[in-house]
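Take a look at the structures below.
Shared between the two complexes below is chain A, which has chain B as its partner in the first and chain C in the second.
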Partner chain A sequence: MFDPVSIVVAALIIMGLFFMIVGPIGLIRLPDLFTRAHASGKCDTLGQALILLGLIVYEGFTFDAVKLLLLIIFLYIMSPTATHAIVRAAHILKYHAWKPGEERE
Partner chain B sequence: MKGIERIISIIVTAGILFGFWILLSAHFDTFHLAAGAACAIIVALLSHDLLFTRPVRGGFFTLLHFTHYCGWLFIEIWLAGLDVAYRVLHPDLPIDPQVVTFDTPFTDDIVRTVFANSMTLTPGTITIDVSGSTYTVHALTSEAARDLTEGRSIEKRVHRIFPET
Partner chain C sequence: MIDLFTVTGLVLICTIFLCLFRVIIGPGACNRLIAANTIGTKIILLLVLVGYIYGRNLFLDIALAYAMINFLATLAIAKYLEKGCIC
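And then the complex of A and B:
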């Protein structure tokens, strides 16, 4: 009924979902663009990677699993680059970074 | 890059592209393999100079350091996610964001990119801007900021896989 593989798969995907939920919660709770970029940039990368890892375990040792592994690698190159692009744009536009004690937006 | 180096670079690029083609197509009949080989050679002829912009140095030890670095980065990504999750879900929102500017000894484009991306993936820091070898970084906590300017743990790691820069 519950074989070890599906338990591992379910655990990985549930952990991934946890981080995917924490990302948006951070987006709401944190005070400004820069700190929000931390939440979306890091939690989403980890969440997506965990879900893909779960799918790799589910798939076993096949070509599709290798493709999913490549997706994780590309995600790890793409995600910090995208986060950096957004944050850099804000920096060039002289967006004010929130400091402790200030009113949140 | 010319002469023998150019030919080697074309062959290696074509080989990598063909391997990637096989990986993605997963078909082993003559038609798919021939089409893949033709595409790989054409693309390699047109754009081999994009993959190898300079003669490749380093050997086994560079590879070893790189593997070690990837393992370390994998753990750091975990810690980064857990760290942000903890701070976001904590009722008091324990953050102390600050913008830090500091210098590094890196001059090579690839090394600077690796360093910037590593910083964004590790806990509490995001690279805002790079000009020359000066980095502007947004840190979520004061501990993360202090590690960048004093501890310099990421810088040391990157320095170990690219010792020549």
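And then the complex of A and C:
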């Protein structure tokens, strides 16, 4: 269990897991939509990248590692784009942006 | 190493319930859509982890397909919210 490869894999996965936990906490605590979009969009992208990178290190040089790399690259493009589309729709629908001192939604 | 994947999967399931809270409570449609998109990304990771726990390589392809479908669904709903029609 304590050979260097599995230590690197465990470290990467635990770091990815940390970002995966911080994302939803930000999604719940933050006052309005635009701040929540920051929390969920960014934490998800980095969290999945770290966890899948850990799996690539665990997998080594096989065809599955290439699939995982494709998944990471696709999610790197997908997550920010999807979050941008949602926030753009919210901006057009004139969602109220929270200002300090106001009541949170 | 397999039990590390199991623990990661269980923690991911707990974070999905946190996002589910925002899906139910979220004041507007866009709040719910962001939470649903987050849940989708987490499900992709769960698929890959379950694939590794049970040693089946097919789950990677399923995760790739699910990532694409999740992306298209989020874009279509965002466009519907914005314009009122998708076409």
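Keep in mind that, in the parts below, the second predicted complex is superposed on the first by the 104 of 105 C-alpha atoms of A that agree within 3 Å, B and C clash if a C-alpha of one lies under 4 Å from a C-alpha of the other, contacts with A are read in each partner's own complex, and residues count from 1 in each chain.
In the analysis below, a residue touches a chain if its C-beta (ideal position, glycine included) is under 8 Å from a C-beta of that chain, and two chains touch if they have at least 3 such contacts.
Since the structure is predicted, the reported quantities are computational estimates derived from the model, not experimental observations.
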Quiz item: Which partner does A:Y95 contact after superposing on A: first (chain B), second (chain C), both, neither?
Solution: second
Quiz item: In the superposed arrangement, which partner chain does A:M20 touch: chain B (first), chain C (second), both, or neither?
Solution: second
Quiz item: Now for A:T83: first (chain B), second (chain C), both, or neither, which partner does it touch?
Solution: both
Self-check item: chain B versus chain C as contact partner of A:R29, first or second or both or neither
Solution: first
Quiz prompt | Which superposed partner A:K42 touches (first chain B, second chain C, both, neither) | solution = first
Practice problem: Check whether A:I72 is in contact with chain B, with chain C, with both or with neither, and answer first, second, both or neither. | Solution: neither
Quiz item: Which chain A residues come up in both lists, the one for chain B and the one for chain C?
Solution: 25, 37, 41, 47, 67, 70, 79, 81, 83, 87-88, 92
Quiz item: Given the complex with chain A, which residues does chain C contribute to the contact?
Solution: 1, 4-5, 8, 11-12, 15, 18-19, 21-22, 27-28, 30-31, 33-35, 37-38, 41-42, 44-45, 48-49, 52, 57, 60-61, 63-64, 67-68, 70-71, 74-75, 78-79, 81-82
Practice problem: Mind listing the chain A positions that touch chain B in their complex? | Solution: 18-19, 22, 25-26, 29-30, 32, 34-35, 37-39, 41-43, 45-47, 49, 63, 66-67, 70, 76-77, 79-81, 83-84, 87-88, 91-92, 97-100
Exercise. Show which residues of chain B lie in contact with chain A when the two form their complex.
Key: 23-24, 26, 77-78, 80-81, 83-85, 88-89, 93, 95-99, 116-117, 120-121, 123-124, 126-129, 136, 138, 140
Self-check item: Of chain A, residues touching chain C in the complex
Solution: 1, 6, 9-10, 13, 17, 20-21, 23-25, 27-28, 33, 36-37, 40-41, 44, 47-48, 51-52, 55, 58, 64, 67-68, 70-71, 74-75, 78-79, 81-83, 85-90, 92-93, 95, 105
